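Chain lettering (A, B, C, D, E and F) follows the sequence in which the chains are written, and residue indices restart at 1 in each chain.
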């Protein structure tokens, strides 16, 4: 159920019934030749809808701007500062609390947002002790990814426009993918990239970090399903704890 | 043309051709029984698309959160601070400039955003002297409104969920309007409301400021067409001045 | 009664009796050849004194610096940021509350201050719910202006160094006006001035927006008297509500 | 010459001639039974005028609000934060620079402002290297005070509403002093007052720190004349260095 | 070579020769019964000295306060906000640049500092493009840890007061370890700990995350040596690139 | 007793017993040819230990970065902004309060820190009314200095790397002093230095303000002993008042 499609006469009863707000947060960022700039927004939004179906929550309008540092040099990338993104989430969270929500779940579609959103979740945690705040980025998928992935990962922590993300898109928003344009570009990321500021333009020209050509809808479904299951279980547990 | 649907290989040529970015900014806010909470988002987005068709610009993803002070007590209203909204627009503007845009047009769907967006436009104006920044809220429609409106306005400057805004919705996003639920609620706004902080809950229970029942698609079209014409002329003039 | 002329032994009894603080806020800004740079300060201060006579309040020292963006290019203009002006008013308001005032009335002499002062009034409103905060800029004078004005207004919302403001000065601080230097300079303000940052130097060289030569003391008195009446009535009503 | 009394047609030539801006900064603060709350404002303003006569500068409108921490518990005291006071002075300084001034002299009438004003002077110093920024608080008067003072000082660094300040008032603004109400109240300030936050209410009930009854116009004149001489000499030297 | 032990007459020649500043950043935080509160400070400092020996840098005084959120409930934990820690590093970095350093290496001894320090490194990167900024937290030790570790890790990303950290201490600052008090406390960290704010008090009472009893000096040496090698290689490479 | 050498199992009982936290704050700054850059850190730390012995407090790790404006041009000087230093002390103070301390004593080793630390002490004072916050910079030593000093002071308020500070170092950290390099450099500080921003490079090339050659351990001991006595007495009195 989409929050902004409801009207102010009916929304209160929905909030009372569910208490779970789901906020998709993405970004506008280069994703190679085969994926659109809004990839992270589409993923966050579609995953949010699926989650809402499982846990009975209300999906807020997608926040389509995020913190894009590493690819900010690339065509089409737009970025917010961490500070502004943190403030945004805190202020939306304050409104949600006033409106009666007690479980706030940010579905993050963009790795670069993680720091700002985590900071915000801590601020909200301290401000509203009787509220539960989640920030989810495909939680608990390490093992399934290890099983499903065919190409070699280029980095331990992040992935981008590659076999994984393209598969997610094929599963969740297939119509926005141009698989015929997918490429295999597997850069060697220098070890210094983890310890000194390193725009990705230093090691990739395509913004694709791996082999996107081997992506499939099925792989996407397998991984996303695990993520969704984990998210559902954790939110359900929070609902049980809060008795809602 | 929607910015986030493009990919990073093609976006540069589009930006070079157009130089005009169009950013819809709305809000999530109570709009009575017949209009959805996202009314201001839908209006800003649809109007942006129409404008893009006229001037050849790229429509950015809608920023769906705004400054909602007056109705923040109402069910479904979510709000940002002026400061955060200003920072958001400034930072998006900085990205747009780096990406090559030279005309930035914010299409504002929510009166309460005006202050924050104006402040941002001044910051960007000083930062990027060779850039043109517009913030548009149905510009130049006073006269046409005077001609079209049948109900009595409740306030000189703002209107809300009334004959006007409902007509805009009927013209731009008809499927989101439930005209059968439209009401006529014409409050008397105390004179102090203009000089002391006054949540609207002090004078309305419905969040409808006027007679929504007399709204029609035709009225919406007449007014919006004038607004669109004015916006188009001003942006066209800016394009001419910048030679783009 | 001027606040700063009192001493600390006697002030408490005055505050207890009145509870109404009146803060004139002006600006230092170009006002053409016939009006001094401090015009907005003089107006705010004299109007405050008249209001204090009516409602029995204490007039605080004039804050003589304001937000001057549109004319900041002109000789003699000095400006604060909106943020600093907001903070100033909030902090003074906090002190006034601690001192026992319960009605704070800002008499604003400069249109450009409106945004910052409104923001401050909302902050104070939320901080001190049992306090009433007004920001007044010639309230309720639209009709009388329509009746009195002989020259054509150049803008719907603001006026500057013209028939109106010069008349106010002639009525309130006649000795500071050099009527023999008054000019008629009626610029055409481009429609874009309302939607894109537009320093007034783009359409005026004199900083006079209209025909100052037709200003008279009588016109000033007529309009100011209505403003004063409105202000008095609203504050009196607030006093009644607070029982002070 | 008072800045705000000039008009925008003539001010430029005055600035070109003088380049020296003089900004009185005071405070609203308890000063015992015989001195008004605005004492620091009156002193700063009158001293500024005398200085302007000597060095040919333009006197800006008095900033009548300052940082009042130690006496903030007392009736009539109003206070700003250090941060806001610093920002105020910086922003006014930026305007002054743009207007063509090259020597900015703050005449401080309130000891508590010293920290914030010093911070601002450093910011301006770094921003405008070819500009000279002074903050003056009765400079170079230690010796003359030692000679003139009859009562025992209660503190090494500051004085308040006592023989000294009352004498300054008698010399500069005699009509605001009620000498018949002057008292002798010489508190013992605990040694901890210098190393831990200590509101003055902990050691005085009158806000008078010493014997105000022995104040005379002559003493005031003697000390102020030395301060004025020092200020004049230092500004004259700065004018010589800048060749203005 | 310790920076603060040098004097201002000689330091310039050292900076010219080395250009490498090494800043240890730690924290004061609960580390169980066998490790002192200052563990992260001791580790950062000793590792910094070893690195300085390898690359010829100057070791700055240890910044002994960090961001301690997860254990802030525990006895002895002190914490800074991320914002303050970021500002600190940025301002120290600005000073270092002015002093002539061109390679700044933060040796971080506390995982919780990572976010703030990374943010600072990006600010400095953008401010000083011809400067190299590293933030190092035992880089490149995944494999050696996998080989050396005997106990089961409790978390993928962080470790605390366990076999690893205790071994580091035994190697670097043996005299501060009380091995006889070492315990084995291996909590089960709930999956939600990664997606919702979770003070560690929710799953541990000891602040020891694993089996500290199997720590040895040898294990510490093996892992630290790899970290040191990696750090040395990366800084040496930076020196080569900058030609210093 | 050094705070960071304790472990989290034992620290609580120490805090309960003592309630007195002692925080040394210094700076890294040019101190001439005979004193190290870390002089202010060494002094603050050693004095803190002596004080802890007297009053039974816990010494926190030294904060080794301070606000260094006047000598920031000199080799080896590193500086923080006042704002950051204030935030640092406030946040550490908040942690100390949560940990159970009720008397916080900052031992300041660097005159330039005074403003930021005082501001912080006021913030903490207002936040924690049942807490006592001291900022000590050799309190109550004016008279003993007058008796002991042989050289002529160059300034009324501050001293630097001169007879005094060198004597303090000889008494507290003799091994860091190279007396054979001590010099006599007694600059004439212009009167303007007190009223306009004046980097010390304008009047000294050595950073030594006076005759360091006449410094002795005995002089240091005499002055420091008085300071220590005063500090001890004031903290003891605070302990008595708080009953701890």
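The criterion applied here is as follows: a residue touches a chain if its C-beta (ideal position, glycine included) is under 8 Å from a C-beta of that chain, and two chains touch if they have at least 3 such contacts.
Here's who's who by UniProt: A, B, C, D, E, F = Creatininase family protein.
Keep in mind that this is a model prediction, so the values were computed, not measured.
Under the contact definition, chain D (Creatininase family protein) and chain E (Creatininase family protein) share the contacting chains F.
One finds 57 Å separating the Cα centroids of chain C (Creatininase family protein) and chain E (Creatininase family protein).
For the pair chain D (Creatininase family protein) and chain F (Creatininase family protein), the distance between mean C-alpha positions equals 30 Å. In terms of their C-alpha centroids, the spacing between chain A (Creatininase family protein) and chain F (Creatininase family protein) amounts to 49 Å. The multi-chain contact residues of chain C (Creatininase family protein), meaning those touching 2 or more other chains, do not exist; every residue touches at most one other chain. Remark: ring traversal beginning at chain A (Creatininase family protein), heading first to chain B (Creatininase family protein), gives the chain order A, B, C, D, F, E. Within the complex, the chain C (Creatininase family protein) residues that touch chain B (Creatininase family protein) are 69, 82, 115, 118-119, 121-122, 125, 132-136, 139-140, 142, 156, 191-192, 194-197, 230, 234, 237-238.
Touching chain A (Creatininase family protein) in their complex are the following residues of chain B (Creatininase family protein): 3-9, 11-12, 15, 28, 30-38, 41, 60-65, 72, 74-81, 83-84, 87-88, 91-92, 95-96, 98-99, 176, 178, 181, 207.
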